[in-house]
Amino acid sequence: MNAIRRLLVCAIFVAGSGTVVHAAAQEKYITVASTTSTEQSGLFGHLLPIFTGKTGIRVRVVALGTGQALDVGRRGDADVEFVHDKVAEEKFVADGYGVGRKEVMYNDFILIGPRSDPAKVAGGKDIVAAFKKIQAVQAPFVSRGDKSGTHAAELRLWKTAGIDPVAGRGTWYRETGSGMGPSLNTSSSMNAYILADRGTWLNFKNRGELTIVVQGDQRLFNQYGVMLVNPAKHPHVKKDLGQTFIDWIVSDEGQKAIAGYKIGGEQLFFPNAKR
Amino acid sequence: MRAPVSLLPLRLENVTFAAGGRRIIDGISIEIGSGGRTVILGPNGAGKSVLLRICHGLLAPTSGSVVWNVREPANGRHRQAMVFQRPIMLRRSALANVAYGLKLAGFERRERDERAHRALERLGLLHLAGRSARVLSGGEQQRLALARAWALEPEVLFLDEPTANLDPTATREIEAAIAGIGAAGTKIIMVTHDLGAAKRLADEIIFIYDGRVLERAGAEGFFAGPSSREAAAFIHGELL
Amino acid sequence: MMETTPLALKQAVDLVSGLDPQLVEIVTLSLRVSFSAVVIATLVGLPIGATIAVARFPGRQGVIVLLNALFGLPAVVLGLLVYLLLSRAGPLGELGILFTPPAMIIAQAILVTPIIAAFSRQAIEDAWREYEEQLNSLGANAFQAALTLLWDCKFSLLTTVLAGFGRAVAEVGTVMIVGGNIDGVTRVMTTAIALETSKGDLPLALGLGIVLMGLVLVLNATAHVVTEAAKRRYG
């Protein structure tokens, strides 16, 4: 009987301490809403320790699809937005949810496809022409279909090609409704074409028969922007700490850190903050 | 510690009990006093167990009233106790089961301990005090139930067919214990359909049939010559 | 995929046996969150289960049906609801705990409470059916009776709590949404497995999977031992 009582007291103490310890570690931190593809590229693992080392501010990254990342900002659940969908970002600012948008860097998308290359697009430099060929032969194509920046870019390319891919939904055009990684997994198992960001691809281990087939087209460049969630709309936003992050990432030091991130010797992100 | 004013006599005034559309107790008015051991006898389905529960307060009568000589305080239950046909034991030791009843009755730890040990000893169970109550034999558990009731030193002890599920040896032990408890001053009110048990234990018989008291007499007189037809048939083992 | 699995498995085992710091941090957080959640769920769920088991009130059957239905509540749905509740734009936004461990603890506590309440109700109701007359005869009031039943059923209640803990530690739907899977802050075993798998990076995912499976096994074995011990002791 006594043993059980003692055990109960211990249990409650430990459970309580769980939350107390958290509260006690009330460090300086900001919440940054970003995208899954950015996190999965590994950039944050490289960049944030440098920032924290310099400023003592910890950065908590919530990685979601662009749509949800912006929604989180709209609700005031994050301090800073760091996404790559210029159109959506500018609307975000126009609607009053964000302030002080700055361009930070760009990375590029690449077209991934099976080595067997049924649409015969490998080695090409024209992404729109490649898309047309894929639709012409009805080669399997995987789309993220999740309102992400990558998805938005993909849809813009289809539009430029004058094709409505949704007509092929369920046959050659497959929407997974998921992130870059899971979608790549799906392509790998289906031997399908897929538009991906270079960062996720370089980190992706489960390639199967897939390889890069088209890259370098200007239209594949993917611009990143950073902005503060509007403190006028959400007074609790950590505007000073958040602004410190934004100022740092467009500064020489931040831009150099971005350029310094390499996978297998290859640079992923190209800093282009305006002076 | 016995209160100066007795709980008894217990008076039932025109008590009825209906359930599921059936009248199980059909108008019983009776007074039970403090003398001797009262056995409520009757065939199965006569309503004996229900009547006992109404007396003890486990069931409320559909109409009519149950009146004790003094009104018991709300938590003064330990002045009457009940032993059921099947002993109900908590998942604890034999001693702890007895102590549990005492704790509910408000006794302090030292007195609980003393009373519990005495009760176990009285019922010949002291050597099983630490044993888990639910692994004891049927007879031992029923004795334990008696010990639990006896430890409370109740004024009235209700018993509902206490030996119905026991073998002859255990039956003898239980009946001896009941007799002993009665001799020590507790009023025994026992329900049974077993003629043998009734003959051995009763000082007074209340014969129940079909929810009504058909006859009430001293035990000797009742068994020698019952006045009702049903009682006579019952005693001779005929179907009613 | 086929030929990399044995290699990934070996690397996973190395991570576990070598107590890789990242793995340890994730496991520790999972245990802390789920343990706290289960403590809360037990403190709330047991009295609810006991009360429903013993009390009689109009609509009781409806409450029992609702309770049993609630523990089939999909974790993602609960995650969404708690997310809306705790978001700054929501009613409890003032607390500012979205994307932190307390949010995960709350969400998991809500997830597990119906499990504990429903199972304890069943156990206590069975016990009450057995003990009701005797406890009434001995003069126990409703509160005393409830406590007696809870203590009497303690072993079966313990297995219920273990089941609740198993559910909490193995779920991904609520903690993903309300925690945000933030590296080093709200990344637990299940969300980490989901993330690493989606990256196609298997060793850490497999390592965590091994730990999680091991934990579930231990929980079940403990529950089994407890049940057997109780049976032997009490019959």
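By letter and in written order, the chains are A, B and C; residue numbering begins at 1 in each of them.
The criterion applied here is as follows: a residue touches a chain if its C-beta (ideal position, glycine included) is under 8 Å from a C-beta of that chain, and two chains touch if they have at least 3 such contacts.
Because the structure is predicted, anything quoted here is derived from the model rather than measured.
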Identifier of the chain whose CA centre is least distant from the whole-structure CA centre: C
Pair joined by more contacting C-beta pairs (A-C or B-C): A-C
Where chain A and chain B are represented by their mean Cα positions, the distance between them in whole Å: 78
Between chain A and chain C, centroid-to-centroid distance (C-alpha), Å: 32
Whole-Å separation of chain centres (CA-atom averages), chain B against chain C: 47
Two or more partner chains touched - positions in chain C: none
Chain C contact footprint on chain A (complex, rising order): 4, 11-12, 14-16, 18-19, 22, 31, 36, 39-40, 44-45, 60-64, 74-77, 178-179, 181-182, 184-185, 188-189, 200, 203-206, 208, 234, 236
In the complex with chain A, residue positions of chain C that touch it: 1, 4, 32-33, 35-36, 39-40, 87-90, 93, 96, 98-102, 105, 154, 180-183, 185, 195, 197-202
In the complex, chain C residues that touch chain B: 130-131, 133-134, 136-141, 144, 148, 152, 230, 233-235
Complex interface listing, chain B residues touching chain C: 53, 56, 58, 75-78, 81-82, 84, 88, 90-92, 100-101, 104-105, 132, 134-135
